[in-house]
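Just below sit the structures, each encoded as structure tokens.
In what follows, chain A forms one complex with chain B and a second complex with chain C.
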Partner chain A sequence: MRIFRGTRKRAWVALTAMLLLQGASVIWTSRAGWVGWMPAGGATLERTSLFGACILSAAVAWAAVSLRAHNAEPWARVGVRSVQGLYRGPFWWGLSASLVTNCVLATTVGVATRQSLTSLMLTRYLLSVAAVVAASACAAALGVLIAKFTPPFIAVVASFVLPYAIAIGLGAYLSESPVSAWAVPDLHAFDYAWPAIETPIFRAASLGSIAAAIVFELHRRTTLRKVALWAASAATAGLFFTAGMVQPIPEASSVECQGAVPVVCFDGTQDAIRAGYLAQLDDGLRELPRSTWPAVVTATEQQGAPEDAVALPPVEGKYRPSRTTPPGAVTAILGDVTFNTDCASPDRIQLSAAMTLWWRAHVGLPTGGGTYAGQNSFSGPEFAQARASISRLEARIAQHPDQVIADAATQLHDCSRPAQPLP
Partner chain B sequence: MQQVVTPVLVEGLNVRRGGRLVIEDATLEASTGVTALLGPNGAGKTSLLGAITGQFAVDSGQISWQGQRVDGRRSTAFLATLGWLPQTLTFPRRMRVREVLDYAVWLKRTEPKARQSAVQEALLAGDLEDLWDRRVGELSGGEQRRVGLAAATVCDPQVVLLDEPTVGLDPLQREAFHRRIRSAADGRVIILATHLLEDVAATASQVTVIHHGRVLFVGAVNDFCDDEDITVDGLRGALGRLLTGPTAT
Partner chain C sequence: MTPLRVAAAHAVDLSSVLALSCTWVVVLAVNGLTLPAINPSPEVISRPLESVTTIALALPIAVAVHLSSNRLAWLAHTSPRSVVLGDIAWFAAIYLVQWVGLAVVAVAAPGVPGVHLFAVHTLLLALALLAARTAGSLAGVCTPLVLIAVLSVPDLVPWPANLIYNLDQATILRFATLVGVPALTAVAVQFDQKPAD
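Take a look at the complex of A and B:
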């Protein structure tokens, strides 16, 4: 253990494990937003650096502040080492842990998004990786600065809070300003459009040059530090100039349809979900009379789909469309769409609730709450009444399944037809 | 005729801290052996040592090492010859003694291959072989000061500055520490800042008395002490007269 030099091996392992755990948590909990789609994968990787920067900065500050906390800095400066030399150890100690973490996370996300791999996407993904690495260097340097210049008792807390405050400030309070181009990108921003290619290039160059200037300063390479600062100035100017420029992602907009009845259409972001989606859709369609089948189904609500298409976008949590297909989600949504009504008639609303509940029970999905994350629970008064009469409805459907279901679907979608009371 | 160069020479030194003049026109000469920098608490001893180490900026005056001025930016050559034990130095409790010494050796920019042997030498010189793998938090106050002295004398510095090294030690520990200081002074310049007359009597051959930032006496302990044999009482009498009487050097 050499805490003053920041090269404690066990602490390094602990820091790496913490960073990995944090990154893996972000990646796993947001998987519905990016799996199989490399543009969103790059944004996800950058999101791991949000709390990662806090942890890294605090850890570096913890290692670096021990000199001042023990009144040892003046003593150490009587050695031959420069001030930069004293603080270089904690910087590299933290940054090396972060580099290992970033390599693992970047590989994981890269493998999970390889379905959408093109040379342009790979380039952009690598730019995201570069930005994350550079941001890590900036976070580690921030930890050193805070350890050097703030009261030692507050250094660790301050170095944890400050990166988060900067990120939130950039993302929330300066979102209309070009400065926000430095911020961690929003995952949804990479569904069908992304910033113009210049922006991520300048962003990686800006953060990378700042990181390089920090490294050169710590190694007392004055000329190189000046060059890096000039580069950072130029790249940052370019970043601010191009901030806000957006262009569509061509691969995302290309709709491909397959099958006969129904025709099922996917866009370019949904390659990863095709098999699971189609399997669930087939399971659902088998339980419905053919007359109720939609002619065209799209897995998204995006432009370019046929006019008569019924959109059945998979949903998971706040992600719509989801890039994963939660078990039962498509089957459930098929029922929702089939038995939904836009009619204002109370009878039809009641019929819609009853049929929806029946569908869930019939295909083996729970009726007491959401079938998948983010779905509404059936808690309205119409559902309470529907629950009371569900056994009678089931009996009636059991006698004439195709006729009752088709009749119900027709009534729900055609408001001009007279409504029939529930059985 | 060859001119005799005093290893450490401070002349006309003025140091300000927080806008206040804490060292005023100070003079100090230190040759091989122990030079005591004697004065009551707040006299300016730590500020004077801090000026020599470069911790505090010099307002005016000069500090020389082997005839070369070192009061501007500290040269690597000068820092390589300097060892320092500050008054308030502590080490992380979980750090081991060998790690403290290894860090002290690393600070002196020792070649990686030579570091291990330098640590071994420091352990031997500081009589710390039995403590080498102990954590700092497990050591007594006296043992921690021994580690501090060993850290201050790694890589064989030619000038060692000790700031109140015996404060907080019991009489037996203090006596043992005096022996170590005398031993460490062999062939070195040691400047020992202290307010304890026992330290001066036990270790020093030269003494500089400082009070309110002004140097009142520079010379041999023999010349300073009232008694022919250097005793604490003799030093006390001389110091009392100096502090209460007219300023003189």
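Take a look at the complex of A and C:
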């Protein structure tokens, strides 16, 4: 296509770079929800592709609308080549840019989640990648359609907003209907359960067939386009039929406990965080007398961990369950648990506040909130009083560290023992 | 030139008027579509701006960018009247028409913080008009779209710096709008129009 001859290569490079940048940024910002866990990694990749599809659609529309913006379409209509042939260029460079980007991102996510790889997971992950590529082809075709039928000055923005609104709308208004099976899956649905294997197969087949039909239409292959449309109908019927079927992920909820004192329990989704989590736990335990150590610690909320285990979730906040452990989070929660009290006595509540604050300061974490997402901000009156007396408490602990800490922990957990006033 | 002829020179025709009306209808219609949570606080229940409406604001801005171009710019340059004053008057007309659309959205959409939306939209519009004048209409269309898209990705921009969605920063945004819009417009009219993309 003569009109794109000068710009096509630069546009291809720019689009690939832009798609890579946005994909990497979305994957990076949502890493707390997927790192080390391939089912959630696949869902993250699919979520990432939503903005990518919007950018792709807008870029293809920008290139395709040039025909109309420069009043070149009437010329094209009287030319020897078909008009579809002229729209083929933007479609193919957009789709190839998206293919390169998706392959790079899929490999990155796949490598980052290799710790929990099984053949079933790999198969489903590849199906996710296939669905993403097919959805990209649909987005590129949407860009061509919008460029062809909307006013040229609005085509670029409309082709960005429309796929986004369709994807969000499918989730918002049709979440109960089978039609939503086309939409981007919810990231949190892939923690311990995922859709039945038929759903992603039909999803990839449905989107792939639609994409193939578009490609054949652009290449004027009428018979092949009809075959692709029949295949799309069958696959979509299968998708709607199997939508909503959910299976547990067997590897996810199996709880494994390791170590002696304390025994530490993880579930299958937490392979990637084990080393960092245990290192933080060791750092914290080193600062506590052995008598205050919990016997069993569980990082997971899944059933299967011993019932008397002390729950130390890897992190609280936006992603549940999270698969990253921010620096200091486990050490901080260890102090919260060790110096927590269920007793109603004001003295003990005061002691609990003082010891918790001392612990944060002692292990080098902030005492004003902000150690990790969603943490206690220590804003009650007992904390204000504890801040005032923190230096005296520090001096007392410095003289007899093990004895004072052990005494405090015992008092806080045993309400029947007489309370000892703060220094 | 009469005002109608000035409008015609700025590409005001049936298709652009229809497009402008349709874009505001779309902005209003997609208000119910909630975005993935952008405010990182899990306790927050009310998220009035976190809907596709905020992203769809780029649509009327794209029409405004189109209408800001003067197809008879060469004619204006031969006129004894001031080109800059003419541009300022036309930009003011664009702002007024956009504010009418905004007012309809603020009244009709339940729970939308009208003043904040007004500040967001006006500032983005001023940036778009400046980008269109300095770098062409494609840059004008894409600038607000890129800004909205980047700020709509959860956790990408630190929450205190997210001026669009963070209502706690409304004072800063209003101040930026109050100072920035006249300044950006004043700079924009100093530039000659770029040839069409």
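Everything that follows uses one rule, which is that the second predicted complex is superposed on the first by the 395 of 423 C-alpha atoms of A that agree within 3 Å, B and C clash if a C-alpha of one lies under 4 Å from a C-alpha of the other, contacts with A are read in each partner's own complex, and residues count from 1 in each chain.
The rule we apply is simple: a residue touches a chain if its C-beta (ideal position, glycine included) is under 8 Å from a C-beta of that chain, and two chains touch if they have at least 3 such contacts.
Everything numeric here is computed off the predicted structure, so don't read it as measured data.
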First (chain B), second (chain C), both or neither touched by A:Lys226
neither
Report for A:Pro74: first if it touches chain B alone, second if chain C alone, otherwise both or neither.
first
First (chain B), second (chain C), both or neither touched by A:Arg417
neither
What is the contact status of A:Phe51 with respect to chain B (first) and chain C (second): first, second, both, or neither?
second
In the overlaid three-chain picture, which partner chain does A:Phe153 touch, first (chain B) or second (chain C), both, or neither?
second
Between chain B (first) and chain C (second), which, if any, makes contact with A:Val161: first, second, both or neither?
second
Which superposed partner A:Lys9 touches (first chain B, second chain C, both, neither)
neither
With the two complexes superposed on chain A, say which partner A:Arg392 touches: chain B (first), chain C (second), both, or neither.
neither
Return the chain, chain B or chain C, that is in touch with more residues of chain A.
C
Complex interface listing, chain C residues touching chain A
11, 15-16, 19, 23, 26, 30, 32-37, 40, 42, 52, 55-56, 58-59, 61-63, 65-66, 137-138, 141-142, 145, 149, 153-156, 196-197
Which residues, counting only chain A, touch chain B once they are in their complex?
1-5, 66, 70-72, 74-81
Counting only contacts in the complex, chain A reaches chain C at residues 22, 25-26, 29-30, 47, 51, 54, 58, 62, 69, 151, 153-154, 156-158, 160-161, 164-165, 168-169, 172-173, 317-318, 373-374
State the interface residues of chain B toward chain A in the complex, per the touch definition above.
50, 53-55, 76, 79-80, 82-86, 88-92, 94-96, 99, 102-104, 106-109
